[in-house]
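The first chain written gets the first letter, and so on, giving A, B, C, D and E; residue counts start at 1 in each chain.
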Amino acid sequence: MRWVNRHARRGDRIFLGALPILLLVLLYLFLAAQRHAANPMDKILPLPGSMADAMSVLLFQKDQLSGQFVFWADTLASLQRLGIGLGIATLSALAVGLVLGVLPPVRATFGPLVTAIAVIPPIALLPILFIALGLGETAKVALIVIGVAPVMMRDIAAYVAGLPREQIVKAQTLGASSWQIMIRVALPQAMPRLLHAMRLSLGPAWVFLISAEAIASDVGLGYRIFLVRRYLAMDVIIPYVAWIAILAILMDAALTVASRRLYPWAHGASH
Amino acid sequence: SQGPDPKAEQRNEFNIGWSIYAGWMPWPYAQQAGIVKKWADKYGIKINVVQVNDYVESINQYTAGKFDGVTVTNMDALTIPAAGGKDSSAIIVGDYSNGNDGILLKGANQLRAIKGQQVYLVELSVSHYLLARGLETAGLKPTDVKTVNTSDADIVGAFGSPQAKAVVAWNPQLSVMKAQPGVSEVFSSAQIPGEILDLLVVDTATLKANPNLGKALTAIWYETVALMQRQDAQGKAARAAMAKLAGATPESFENQLSTTHLYTDPKAAVTATSAPALVKTMTQVRDFSFSKGLFKGASSADAVGIAFPGGKTLGDPQRVTLRFDESFMKLAADGKL
Amino acid sequence: MSALLSLRDIWVEYGDKIVLERVDLDIEAGSFVSIVGPSGAGKSSLLRVVLGQEVPTRGTILLDGERLKPECGPDRGVVFQRYSVFPHLSALQNTIFGLECAKAPLTARLFGGARRRAMAEAEEMLRAVGLGDALHLYPAQMSGGMQQRLAIAQALIKRPRILLLDEPFGALDPGIRADMHALIMRLWRDYSLTIIMVTHDIREAFTLGTRVLALDKRRHDPHAPHRFGATAVYDLPLRRRADPAPSEEAAAETSQQNDEEEVGNG
Amino acid sequence: MRWVNRHARRGDRIFLGALPILLLVLLYLFLAAQRHAANPMDKILPLPGSMADAMSVLLFQKDQLSGQFVFWADTLASLQRLGIGLGIATLSALAVGLVLGVLPPVRATFGPLVTAIAVIPPIALLPILFIALGLGETAKVALIVIGVAPVMMRDIAAYVAGLPREQIVKAQTLGASSWQIMIRVALPQAMPRLLHAMRLSLGPAWVFLISAEAIASDVGLGYRIFLVRRYLAMDVIIPYVAWIAILAILMDAALTVASRRLYPWAHGASH
Amino acid sequence: MSALLSLRDIWVEYGDKIVLERVDLDIEAGSFVSIVGPSGAGKSSLLRVVLGQEVPTRGTILLDGERLKPECGPDRGVVFQRYSVFPHLSALQNTIFGLECAKAPLTARLFGGARRRAMAEAEEMLRAVGLGDALHLYPAQMSGGMQQRLAIAQALIKRPRILLLDEPFGALDPGIRADMHALIMRLWRDYSLTIIMVTHDIREAFTLGTRVLALDKRRHDPHAPHRFGATAVYDLPLRRRADPAPSEEAAAETSQQNDEEEVGNG
């Protein structure tokens, strides 16, 4: 049977998907053990034991000063920023993408601007960003939005502009105005693509979140990572990064399921 | 909320920025322990002590007017806000680095061995200054080494690479790298005591209009420092709390303190600020900064004026933008707060 | 003569390929024009031009004596050759879409009584095209013929003044095709539509149309086949405005057969 | 005429596209002038004159130490890193995306791994990267690749997996093997999408380049920006960022033109 | 009896909708099976199952007495109802693709003499379907009927043992359709192909086929129309294996017309 036609069963799929990740973990353990054999004090690739020790403090002991469990407080703060940032980015990407995609004059006017904003690296302009928006939550959320939204906008705009011309023509013969085409033809068809764009943006969004938290913050997963980085405390950094990966993968899976549930017409095989 | 250049007006809410460094940890501790509130209430004002994770960004934000005061080294106070035309007053000279900054080499224990190496450091910072002073003492020219700009957050990781053999850094990064096998410290700020100063600078105009701010800050500082110097359980708890705030273990933090010369006594601070040695130090620092092009577009090192206690000035007296102001420390020394 | 639609010296070219040349046509209101012609002659291109989807390279189109704007509108309905419906809407939603656009300019959605009325109308139309059992299927779940019928229902429910049909019954079996013929004749008569239909079924062209146009190249250069375009080589008026009822159409089919042979070999 | 149908002419399009960017520049000049009225020494929003002064030194004066024109040396170094990084990212995205998209068993096995890598913020694991790759060019290029490639891989894989099933079936009935389907059916159709993904990746690629240059470097646009950030030299940072934007927009335009030229079938309107 | 293809108790269901039920069929090598039936009956579904594109819910398919693997292969060619060709290949490249796959397993591209031979073969095939002037057009630049002919050429050039055609001539005008009939009959005879063709043109079904199958529902529950599937309700062997030459086919059309009426009304 050709490989293109081999579809693994559900149970097998989970096993297959976990396999390379497990192998990587094993490779890590091997390398870490090797480094520790050479230098028992090695900090760069800590062994699971020291990670567990370091994390248990953050997980289960209340911080005396703030009265919070550090790990959970970090997680909450970061998720909140990420959620707001990604939410704003998604909504603005949808709105701008639709308008740019459907209306050629608007595309001609604002397309180049969106491109320019998309390619300007926001971290190069951090001083201006922080000066304009202060050092509070706004600036951190804004960095995520500025970092992630333009790419999403361009993607949605390109997708909408690429909808079959027949559909737009058809809608017009059925009496649809530009606005009605936007909300009834382009919007619903852009939704699955928007969820896909969100999935692809999860990685960059975390990067920008962490960059923002690295610069001005006093709580958050990125803050903690950059705080302990001064001491090369990889026994905290690696579990934190793994935790970020788990959170992101869960969000990714949730978005996939949501797309299948909400827009079955976009996923069923057509013939 | 404030404009770019806060006009000399009376206000009662102020923001002070700080970043993590052994000599500045009293600030967040004072905030948490209620010392800030206590003194601010006394002077009828409100002080927000705001952490900025990235040191340079904290100074940039101060320069931009988002903070009324910031913790900063003498060199950065000169090259960033002062050179940028922001009139700043150093009202607290908290400590000088007495081994908190150092040059490390892998596989060599002589500073001369640095010749021809790639040196990883935060360029244009006190590390760069320390390197220049070190090369000077070893009879080397600045061109004998090649510098690679390395962000302070990543310098420990970078030094883990087999490629990196020479590094200049400050604590806590310094102590982490020093602990690695085969690494030795070949030069440290202990060899140039009093040249790397850690200050609290405040916008001069704001200070003029609100002298209470200066009083409150000085009072907070010396109460906190006194507390942390105590060798009893209370002092230990305070230091442990500061360690935690810095993300360090208590032992590591004690270690860092041991290479920090804290002016716990305001009298000592006043003396150091008024001493002619400070003028000499600042001359060296500004000459170094000018040679590195840090005084943008200026034709000489005199372009930025520095004022010292007793009316002495260095550089252009018409354009003084950095003032060492001992008056508030003096009030503390005299117990008048 | 005041024609509803007038094409004056229409040329359609793609790059240096001439598809249509010098097409002159007057189409009267209420007529049912069948267009036949070989594959690739330019029948669909002609429809696209009349629809306003494409601008002819040369020539003008007048609608009610006024120049046609190069855009489509609800006065001209269409069923495309590759019948396309909205993939994200069920059959019912696809059909109701035109009604919603007309009645709810802002939301393009109907609620309450208006919605129920529109639903009833759409259901009736879907039942008329034989999709009464498939109201809630998405296009991807339908067979080719079902999608084609959905496209027809979608266009018919708007009762446009001019209806452009591009091989609308190509994927339908004879039984359903006869039903569709009856349906379209009824709507044509009841709402005095003007219909332009492209078809390959010559019998169908003659049964339904009041006028049959054959589109083909007049000249052919074997060395540069793309240098000559097609135009209307036959234009047969059939004068069938007051014809028998649709149920009698089927019987009429056989009698039309001679015409078919004629044109088929012409 | 409905807005969906209004297409601006070529000349008008350039004018329209330039308009909002010009307005932004004017807004900047206004704000900068205002700040300078308040504080003539203001560094945050420099006036064009001081930017020109600062840049002319970097543009036209040889650096004493290196004997190079700083600006051009920076540009060259950064473009080289970006080019290599984006090139590797694109090629690997194409290869991995094709294999994942066409072969379901491979997708089941490595899809989750790619997702995991895509969502792990690489800047959090820099120390490990340094040990593995050193501090030289390799590490910088690798950071770009790690930052950009997984998103592109996932995009291409999703696109290829979403090709109409009829095409895959058709190719098989014409005797194509999995490999032949990959190179003759999926690959050419993925190319326009790949160029699109490259365009969208330009922004993130610059971000990662600048991050990499901020970490350990002695030449490059990002190095200069982060170096002069130490004394808030916005008169250098802003022209540098504008230059980055111009370079990126040129690349974007080049990719658009390339896609139209090379893959006309993907851009012509179909009917 | 040793049939080439045997369907045993095939059921096709989508969710709880039964499309085909209890289909039992034996198809002999060299036969030309026409399938007719109402729109939505499941004709395309049946082809998909035979093609190996879909796995039936129940039942087995035997090819040469062996169980059919659920995958397509070069022994079974297909022309889909919504004729699809590769959009990124020109007409010539689309046609040559099958030859390249067979002869260059690694690169799937031919060079030198092999390429020239394949090009000549493809050109001949394209000329046979009337696309001799459109060798270098991309599908998006072709009319519907041209794309359909391209799909036919693409499938025919491989001369598969079993050829599955789903309304292959739906978008073609009568003239070209007759040419295509002749072409397909010639290839069928010369290479002794086995052809299964779905069509709505009943005359075509009887003219070309050696056997006509009508697919429809046996039972119909008006309250749950989806609970009964279609199956072969008529199965008419025509015994036309040794028939007149293709040029005589056209003449034979008229004589077959009676059969058509019979089934059409049946």
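Quick note on the criterion: a contact is a pair of C-beta atoms (placed from the backbone, for glycine too) under 8 Å apart; a residue touches a chain by one contact, two chains touch by 3 or more.
Everything numeric in this text was worked out from a predicted model, so none of it was measured.
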Shared touch partners for chain A + chain C come out as D, E
Remotest chain, chain C as reference, centres from CA atoms:
B
Which chain has its C-alpha centroid farthest away from the centroid of chain E?
B
Sort out for me whether D-E or C-D is joined by the greater number of C-beta contact pairs.
D-E
Whole-Å distance, C-alpha centre of chain A to that of chain E, is 47
Chain B to chain C, mean C-alpha position gap in Å, rounds to 81
Whole-Å gap separating chain B and chain D, where each centre is the average of the chain's CA atoms:
38
Where chain B and chain E are represented by their mean Cα positions, the distance between them in whole Å:
83
Two or more other chains touching the same residue: where does that happen in chain C?
44, 71, 80, 82, 141
Would you please write down the residue numbers of chain B that are in contact with two or more other chains?
60, 64, 154, 156-157, 160
Residues of chain A touching at least two other chains:
2, 5, 44, 126-127, 131, 164-166, 172, 177, 229, 232, 269-271
Strictly by the criterion at the top, what is the full list of touching chain pairs?
A-B, A-C, A-D, A-E, B-D, C-D, C-E, D-E
Would you mind writing out the residues of chain E in touch with chain C in their complex?
14, 36-40, 43-44, 81-82, 130, 133-134, 141-146, 148-149, 167, 170-177, 200, 202, 225-226, 264
Which residues of chain C touch chain D once you look at their complex with the stated criterion?
44, 48, 69-71, 80, 82
Across the complex, what residues on chain A touch chain D?
2-8, 12-13, 16-21, 24, 44-45, 102-106, 108-113, 115-116, 118-128, 131, 147, 150-151, 154-155, 158, 164-166, 168, 172, 177-178, 181, 196, 199-200, 202-204, 206-207, 210-211, 222, 225, 229, 232, 234, 237-238, 240-241, 244-245, 248-249, 252, 269-271
Once bound in the complex, which stretches of chain D touch chain E?
164-167, 169-177, 179-180, 183-185, 188-189, 263-266, 268-271
Residue numbers of chain E touching chain D in their complex, please.
51, 53, 71-74, 76-78, 80, 82, 84-89, 97-98, 100-102, 105-109, 138-141, 154-155, 158, 160
